[in-house]
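Should a chain be cited, it is by its letter among A, B, C and D, assigned in written order, with residues numbered from 1 in that chain.
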Amino acid sequence: MYENTKLIELKNISKSFGDTQVLKNVDIYIRRKEFVTLLGPSGCGKTTMLRIIGGFEFPDEGEVLFDGKDIQSLPPYRRRVNTVFQKYALFTHLNVYDNIAFGLKLKKPEELLPNEKKITRRKIKAEIDRRVKRMLKLVKMEAYEKRSVDALSGGQQQRIAIARALVNEPEVLLLDEPLGALDLKLRKEMQVELKSMQQQLGITFIYVTHDQEEALTMSDTIVVMNGGKIQQIGDGKSIYDEPKNAFVANFIGDSNILSGVMLKDFEVECAGHRFECVDEGFAENESVDVVVRPEDVMVVGSDVGMLVGEVESVFFKGVHYEMKVNTGDFTWKVHSTTMHPAGSRVGLSIVPSNIHIMRRMEAEG
Amino acid sequence: MKRSYFSGPYALWMVLFTICPMIFVLYYAFTNGDGGFSVQSILECLEPTTIRVFLRSVKLAFICTVICLILGYPAAQILASKDFSKYKLLFVLFILPMWMNFLLRTYATMSLLERRGIINTILERFGFEPLTLIGTEGAVVFGMVYNYLPFMILPIHTALKKMDTRVIEAAQDLGANPLRVFTRVIFPLSIPGVISGITMVFMPAVTTFAISRLLGSGNFMLLGDMIETQFLEMHDWSFGSALSMFMMVIIVLSIGLLNRIDPSKGERSGNW
Amino acid sequence: MKRLFKYLKGTYLGLLLLLLYSPIAVMIVLSFNQSKSRANFSWGGLKWYYELFYESPEIIEALKLTLTVAILATIISIVLGTLGAIGIHACKKGYATMLMNLSYLPMTMPDIVTGVSLMLMFVFVNTYVYFPRGFVTMLIAHITFDTPYVLFSVMPKLKQMNPNAYEAALDLGCRPMKAIVKVILPEISPGIVTGGLLAFTMSLDDFVISFFTSESNNLSMLVYAAAKRGVEPTIYALSTLIFIAILILLIIINKRSDLESIS
Amino acid sequence: MKKLSVLVALALVFTFFAPVLPAARAEETITVFNWYDYIDDSVIEQFEEETGIKVKYANFTTVEEMYVKMTSGGGKYDIIIPSDYMIERLIKEDMLQELDYDLIPNAEGLIEWMKDPSYDPEGAHSVPYMWGTVGILYNTEYVDEEITSWQSIFDPKYQKDVFMLKSYRDTIGITLKMLGYPINTHDEEALNAAKEALIQQKKDGIVQGYLVDEVKDKMIGGEAAMAVMWSGDAMYAIMENDSLEYVIPEEGSNVWLDAMCIPKTCENVEAAHAFIDFMCRPDIAYKNMQYIYYSTPIAEVVEMLDEEELEYEALNPSEEAVERCEFFQDTSDFIDIYNKIWNEITA
């Protein structure tokens, strides 16, 4: 688990490319040994933020602190941070071994062998070899060291890219959609492996993805971004269960989002029905967004439901059925383990604690 | 230091040695011998003699290009075909002549075509009348074709090789006969190569002066000859510059025209 | 049927090769001719080869000049063109397009116009400072038409390269210069080799531009001057040697790499 | 190790090519700017041996090219060897030094009429090097009649059988002569008549080509019946092919003279004079003449020729034939007209 000390801090960061502003006054801190995921749709600014931490972009405004020190003027090769790039960016002119050894060969001898008094080339070579072999073992690629990187599969290239970054023993590893090019099964495996690697090494991971499931699986903390702004920061559960706004709700998992009116505390009207809820503190008759997860909509007999509607479509999703139920005012997305054929009439029911009320999002939402 | 600064020396060089010299051409084209402004040289470019030379240059270059295309396309296709693509040396043989000094080759061609040259000697030995070959337009075109044919074969060959064979199979699968496969699929897909080839043949052909001098026996003045004569014999730099500009305009126009036909516009196929 | 077709194709290629090689064959045959005249042939052994090496200082001088210019121009244009490509690749779109168009110019410009324009400029410069048309001007001219070939060979390789490769090198501890040397250059080296070979060939074969920009004869100029007076069989002997050298070179290159990417 | 071998290779390359790179000037040197292949190399060697002066040698193929290279300052030349009309022009443009004949005692031996040529009165700026005429070279295998007139090369019965000179001065000049005009006329009517004649000649299919130096080789090879030719080239061809003969047509022709001059830019005036004097020395002039096989301007050398050589009109034109001929005059002020006419003929 992460420590409670701030390792990286971004303060009031703004960044524009030409006319488009990609980051707007972003504030965030990242703790030591934390697994942080920057999550958002493409163009939300997450990659730019990563590149600012890596030193490949410079913010127009704001401060970047590392261990409390400003590192803005530090070029990438001076930062104790390494990156796993999108599509890996392996060096095709080098083989697997030399790709991994690349960073080590650039290190000063005394950095490589801090305890050695008399440093010889042979010792350096042996040390590099030891570290590279260790990495190859970590990413389970021992048998491939002499292979050309072009001859590797996507998953293998991925592992080499990770090894190449980790061998430098960075304090922070930045990962820019590292699993994007892999197929689903491989991606799931790698997610687990990455997480365990992070725990084993005890370093900070900052992970960029647009895949919410990936984010939920691996992260200690998820930072949901959209339109250059941070929408919500929190652990997976709180973001899933308590989305701060409709964007987050919609982006993290499926949601039914309805517009409603808060009649008074604990009572909201939407989809032509008054629901009891657990939220309070809104103005009377304030317009709000109402979010209900599909798995929280219970299918009951048409005589006992709060709402009655007709099943429009049914898809089998493996664990559950996904149904669209039209209740006249709204078409609900419903997940249920029991199947109701299209055209049948069903009742729907929702418990108060599963109704999430949130303030209307601004236009940009 | 930004990486974009690396283009500095290159940009400086190109400006210094391509743009600046062009300014001199412009200057001379628009001045007379005393350095005063004058459009006389420009007007001379529109005189009948100049136009005649220009039309002849274009005509010969055009004929040469067409012949190169007719001869070169099948050759490129055969070389790229399954039966022959394994013989890499064969391909090497086709481009090897490009590495030989082209003047020497042209000069040797002259020995072939002369009245008492090798072709006529052979003809006479078999009892035929000798032919007048040297000094004709035909000889000039022959020399151009001979010199520039590899430039046609090369890009077409590259384009055909790059072509996805599955496309052809798909067309056959869809019921196209061989002719159709060619006219509807193979040829259209090889157009970038064809265009590239046409440019690489037509441009040097329209501007050459050595070939017409050696094989045309000086009978057919081409634009290139005319420019060379102005600079080195007549010492009329003004008219020579005007002609050079004239030639530039033709080249730019024909390239513009070709690019219009080229479906992969802007992406010059990366052969040269 | 299919076999017949294959034979027809083979015959066609054979005929074309005959067309392409007959002048070269003539040249080789004449290099063994006894007399200077092209009209009659009688075996003269290696007489002209002997004369080439021992009694033709101007041919050897021209050969040296041609090779010196070609080698220097290739080296310099590789440096200029590669730097240029890396720079253009890294800079803003508008500026890049402008530079690319500028690079097309010398490639589309007819040789004679390039030669003439450079001559005009060199003559002009020479009226102010001593700058004779000779070795240096020829070198400048060759670099000018060689460099775009290097640029256009390197550019596609840069585009193919993973856009993050350079950053990855920085990330792993390279300073910018080192990142370029250790990562970008090796990654684009096939393009550099191709461009260099192209440049070298263009330089060796150039006649028109050298003709206008220099007074010292390179090989092509010597041939042109000699063609006016009747080519000496020594030149045929030289060409035969060059032909054999190139043939051997190409066969070796062909064995080792994909030649089609070079041309 | 690998780096070292590359370095060694580079070093070798540079030592091999070093002679081409501009070298520092060590001893006394003169630069001679002459026609291509127009001197016996052993003569230069002998000069270097005898005087200790180094000779650098540069070539041109037309005097116009020489003029361009000179005026565009291509190089600094100490001796140039242009033709008559170009000398006239260079004198006019004040580019030549006056010669100091005290330093050229051998110039006394020049043939008398060459000591005061029309283009350079009293030879103040130039000393003749070689001279010759323009005439018709014909192949007796193809031509039955005796050629005496320029009319023959305009005779349509010789289809594709005549080579003309790709030199506007000579070609227009001889046509003017044929038509009875002075060779240097500025009269547009005369020039137009010459133009029409030449265009007609081309239209009639008489001309096989317009060539310069290639003619020699072609005439030796029997490529055509007749060619307009400079006497020196003609002589060379005759030596190679017995069936060739040379004639100076009766209408008269052009007589030309290449002469040695010292440009004003010359830095080594004394050495340059020494060179001129050396070339006028009868034994040297004879040697050089035997190599080039052009007519010599040195009277004593003519006497050294054997009888067969004296017979050749290309080598030793009769005095009365020369009398019918004219020097070209500088037409640089008239070049536009010539340019136009020439373009119309050849284009």
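Everything that follows uses one rule, which is that a contact is a pair of C-beta atoms (placed from the backbone, for glycine too) under 8 Å apart; a residue touches a chain by one contact, two chains touch by 3 or more.
On a predicted model such as this, the values are computed, not experimentally measured, just so you know.
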- request: Mind listing the chains that sit against chain A and also against chain D?
  value: C
Field: Chain whose averaged C-alpha position falls nearest the assembly-wide average
entry: C
Query: Where the centre means the average of the CA atoms, what chain is farthest from chain B?
result: A
- line: Per the C-alpha means, the centres of chain C and chain D lie apart by a whole-Å value of 35
Query: When the centre of a chain is set as the mean of its C-alpha atoms, what distance in Å lies between chain A and chain C?
result: 54
Message: Could you work out how far the Cα centre of chain B sits from that of chain C, in whole Å?
response: 17
Message: Residues touching two or more other chains, restricted to chain A: which are they?
response: none
- prompt: Using the touch rule from the top of the page, what residues of chain D touch 2 or more other chains?
  reply: 214, 221-222
Statement: Two or more other chains are touched by the chain C residues 38-39, 176, 227
- prompt: When you check every pair of chains, which ones turn out to touch?
  reply: A-C, B-C, B-D, C-D
- request: Spell out the residues on chain B that touch chain C in their complex, using ranges where they run on.
  value: 1-11, 13-15, 17-22, 24-25, 28, 71, 74-75, 78-79, 81, 83-84, 88-109, 111-112, 114, 116-118, 146, 149-150, 154, 157-158, 161, 203-204, 206-207, 209-210, 214, 224, 227-228, 231, 237, 240-241, 244, 247-248, 251-252, 255, 270-272
- request: Could you pull out which chain D residues touch chain B in their complex?
  value: 62, 64-65, 67-68, 160, 163, 166, 168, 202, 207-211, 214, 218, 221-224, 335-336, 338-340, 342-344, 346-347
- line: chain C contacts chain B in the complex at 6, 9-10, 12-13, 16-17, 19-24, 26-27, 30, 38-39, 80-81, 83-84, 86-92, 95, 99, 102-103, 105-114, 116-121, 124, 140-141, 143-144, 147, 149, 151-152, 156, 166, 176-177, 180, 198, 201, 204-205, 207-208, 212, 219-220, 223-224, 227, 231, 235-236, 239, 242-243, 246-247, 250-251, 254, 259-260, 263
Query: Which chain A residues qualify as touching chain C in the complex?
result: 54-56, 75-77, 81-83, 85-94, 102-103, 106-107, 164-165, 168
- request: Would you mind writing out the residues of chain C in touch with chain D in their complex?
  value: 37-39, 61, 64-65, 67-68, 71, 122-123, 126-127, 130, 132-135, 215, 217, 225, 227-230
